[in-house]
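Each of the next two complexes has chain A plus one other chain: chain B in the first, chain C in the second.
The block that comes next holds the complex of A and B.
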């Protein structure tokens, strides 16, 4: 009781409480004060870091932003820095499409897997599988990239591409095989999907496991089947967390550089088919920073690309956070 | 009316022998109180009766629980059906994170009991627990906004809406304030004409007030069982006498 009051006192006044009677010893009080201050300062550092990165990128982007309008930059489709043409549209489209392909492939199976791990398997199976999932999250992206080059690109080139060409591609342009190399949006999206999958599985599993045991027992006691129980838990308790899992997957996919760069083809053109090569923003920066810096505004353009990445991820996260809060209010209030 | 009888029931949590060879017939349409000190296996016994113990992988169950002569632990038995027939009112009220209406409607909806008139079913269940007048104007409000006593009555309505044959109550008034506790208690007393009720309680006075039949447990064993009148006036076992005199437990 005493200790609790002291902590509040420190929080309110920021001074060490005077010692007396049953108050905690000076050592305990000091430690408590220091722990509070230390955790507060680290939280501030994190916030400052994000703002600092944003500010630095903005400052370095200014030369480009002063010359061209935002509209020219975002909608321009031609990227010829040597002629002073900085159209970001192909890169933005590349990033969005490759992420969309990855999410379209991975989200549903990953969420179902996470739910399965949380609700259906025995504790022993879960203990065996969880380290594998965590390991998959931790594999370096260059390894995924190599695997993509060795297996996925040939798969797309020799099987998926020709198959699409014979079937869907005839009538639907998005599936037409425009590029026989195999390197392109589909291959990169597939590699990304495999990278994002374990992340969404892990978070979904965690979310589902954190739901009150009582809720599960209540639903089962009412004679609900396993699946009805799971469905109700997802709809009424798990949705915000699962949305957070998807956002995490999106952010990871949107910012992934190496594995995408190795498989996407890197051609700065507006993609028209999922077999087209593309050039996502992270690949643009990684491939070009440090080269051709003699071209005026080139560095500034790459910084703008980085700023754009940061803004999209921040906006997407904030939007998702808002959506989650609205969901929570609707569900629990 | 369903008959419920327990034959040589043993339950282990890992190596811990929680229920030791219990055999007893539960009288229908009466309130059977299971009493005994904390940790004597009362709640475990209760949860073994609707197969909620299945959720814990470390639990091993031996023996039989016969519902109308069929062993609920037989391999061809469906736990979902057992739980539909044997309802549970938990110790702490747990309103599902949805509206008051949906809490009550949940069971009838999944079991297809409403016959197209879910409104009427919900209203009659809420009336049966005396909650209708209090909540009829805010049926779509979240159930978590109710007081704890109201929540427990809502949980009772929700359980009864499934139309169970047996009602298990796991210290269902223990977390309520005295007035709400009395309210829920008298509700349970009123419904025994339709249901077989098995009520775990650590409150001897409550058992005295409501029970028709008593099971007295001690360290996983069933020490004594019999009609409440007989148990409370002339307990046969020395341990029962000591427990009722509050010398042990």
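The block that comes next holds the complex of A and C.
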């Protein structure tokens, strides 16, 4: 903008030959105008898409929401669509627990790795390690699921399950081995943990690196060890960002479909032990698409499940992104 | 003195803990690749990747998964192309015409939110869109849905690349009397390496995504023929073959997963290489 104004100024004062300050020809001006309109309209398309997805799902869930109260749906324990019973509670619980198991396994190592990449490692090592993390992000969900079926499920079935039953399970019911198949919350949680790990690492690293250099240098020059420096930085500058990393990981895990569906067992019951099978929301949607057309309100119920997923994930994501953005901007300022 | 030793021990302890975490992640990655290769290589044969399924394929009879390989490539390529048509103008708009910072951060937030939406939700949305338009499960519906999944990846990756172009370039371009449309061209040229990387990333994601095409693209044993017919895809081939009770068919699921993994590995390798190779002509 300013640059264009400057050229007109130049023409008026006549310092440069006229030619360099001439207005764009009609053809170029038209192209410029058209490009402006077109690119602005694509930006509008993006905004409309986000709103449109929510609106479409809401419209499709309306038939169900008109008949049942939100309380009935969210707290109902029984899922029998053929008899008109749509209780989402076991599915919501399944989603929450499997995500919680995944987070319990992955959060601490992921944050430590992120901090290590940001604080301890030279730029060269970092560029060498980055592709490993990127590769973990790139592997398709179904491959993780297959790995879960081939490796994690037998591990849980033959080793972790019996072991937990002998030791912890005797006194703490959460660890009792309720299900000998291996398919269940622990197996799915482990697979999910591997899947969200790189995301948490990446966000943690970004946040830690955005912290002022001076802060680090001051602490080190005062004689703090590197770990003490890191602790102080996390406590005073990085904590909201790391929380945001956890929230982002949580919302990614919450919506993951195929890998979880392949390992979690898919039984709609309130989970009592980490070896129990469960039935998370995404698996509910994916598994029942074929038969939903024949039963009234079934499709609407699945769309409500999708809407529920969307709302949870969008709220978490938007909050975390805004927090990270504010932090990074503050660090850069 | 003991205090000093304690601090040093703490330092050592946490350093090793962090190394151990990273090492653990690398081991898990190795373990995944090892499992997929080891189990997949057994079942892989030339027949698997050169033929479409024949009758009784899911009972262990002859044929292969060529339909799924080609289908996945079509789906990934179509979705990436469609998403490009929106992502490139949006990103260039953010860097040229969009003067209001609130518009810029608003669009970026919208893209970030889209990035976070699970692909099963896109699948459900795509399905309701299909019902609304009267379409059936088809390659076209799959491409449209998958384009929504890939769009934010493409746009945000490209956005970060364009962000890195030097500021002086803008001033120089505009000072020469260029219109902002011409400036867009300069920006695009500058970010071609990043664009290629972004396209490859999006393509890889498009090939690997299953939840969004589950209802929109359907599945078929035929080779893809028309935009309006259902199409097979590799992730779903893995999934469906694994859910049959026959060990021979399950072994084919391992082989299909190997094919998928190798495809993804090659694509991400290309993405890394392209960043290094194509970057030579960029003004920094």
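One rule holds for everything that comes next: the second predicted complex is superposed on the first by the 266 of 333 C-alpha atoms of A that agree within 3 Å, B and C clash if a C-alpha of one lies under 4 Å from a C-alpha of the other, contacts with A are read in each partner's own complex, and residues count from 1 in each chain.
In this text, a residue touches a chain if its C-beta (ideal position, glycine included) is under 8 Å from a C-beta of that chain, and two chains touch if they have at least 3 such contacts.
Values in this document were obtained by computation on a predicted structure and should not be read as measured data.
> Go through the superposed model and pick first if A:314 touches only chain B, second if only chain C, both, or neither.
In the superposition, A:314 touches chain C alone.
> Taking the superposition as given, does A:122 touch the first partner, chain B, the second, chain C, both, or neither?
first
> Which of the two partners, first being chain B and second being chain C, lies in contact with A:250: first, second, both, or neither?
Neither partner.
> Once chain A of both complexes is superposed, is A:215 in touch with chain B (first), chain C (second), both, or neither?
The first partner, chain B, only.
> Does the superposition put A:237 against chain B (first), chain C (second), both, or neither?
A:237 contacts chain B only, not chain C.
> Looking at A:28 after the superposition, I want to know if it touches chain B, chain C, both of them or none. Which is it: first, second, both, neither?
The answer is second: A:28 touches chain C but not chain B.
> Looking only at chain A, is it chain B or chain C that touches more of its residues?
Of the two chains, more chain A residues are contacted by C.
> Pick one for A:225: touches chain B only (first), chain C only (second), both, or neither.
Once the two structures are laid over each other on A, A:225 reaches both partners.
> If I apply the document's touch criterion, which positions on chain A are contacted by chain B in one structure and by chain C in the other?
Overlap of chain B and chain C footprints on chain A: residues 225, 228.
> Using the touch definition from the top, list the residues of chain A that touch chain C in their complex.
1, 3-4, 6-7, 20-22, 24, 28-29, 31-32, 34-36, 38-40, 42-43, 45-47, 49-50, 53, 56-57, 59-60, 108-110, 112-113, 115-117, 120, 129, 131-136, 138-147, 149-151, 194, 197-198, 201, 225-228, 230, 248, 251-252, 254-258, 262, 282, 285-286, 289, 302-303, 306, 309-310, 313-314, 316-318, 321-322, 325
> Note which residues of chain A are touching chain B in the complex, please.
Residue positions touching the partner: 122-124, 212, 214-225, 228, 232, 236-237, 331-333.
> Can you name the residues of chain C that touch chain A in the complex?
7-8, 10-11, 14-15, 17-19, 21-22, 24-26, 28-29, 31-32, 35-36, 39, 86, 89-90, 92-94, 96-99, 103, 105-107, 109-125, 127-129, 132, 148, 151, 155, 170-171, 174-177, 179-182, 184, 201, 204-205, 207-211, 214-215, 235-236, 238-239, 242, 253-254, 257, 260-261, 264-265, 267-268, 272
> Which residues of chain B touch chain A in the complex?
50, 52, 55, 57, 79-81, 83-84, 87-88, 90, 92, 94, 96-98, 106-107, 110-111, 142, 144-145, 155, 158-159, 162
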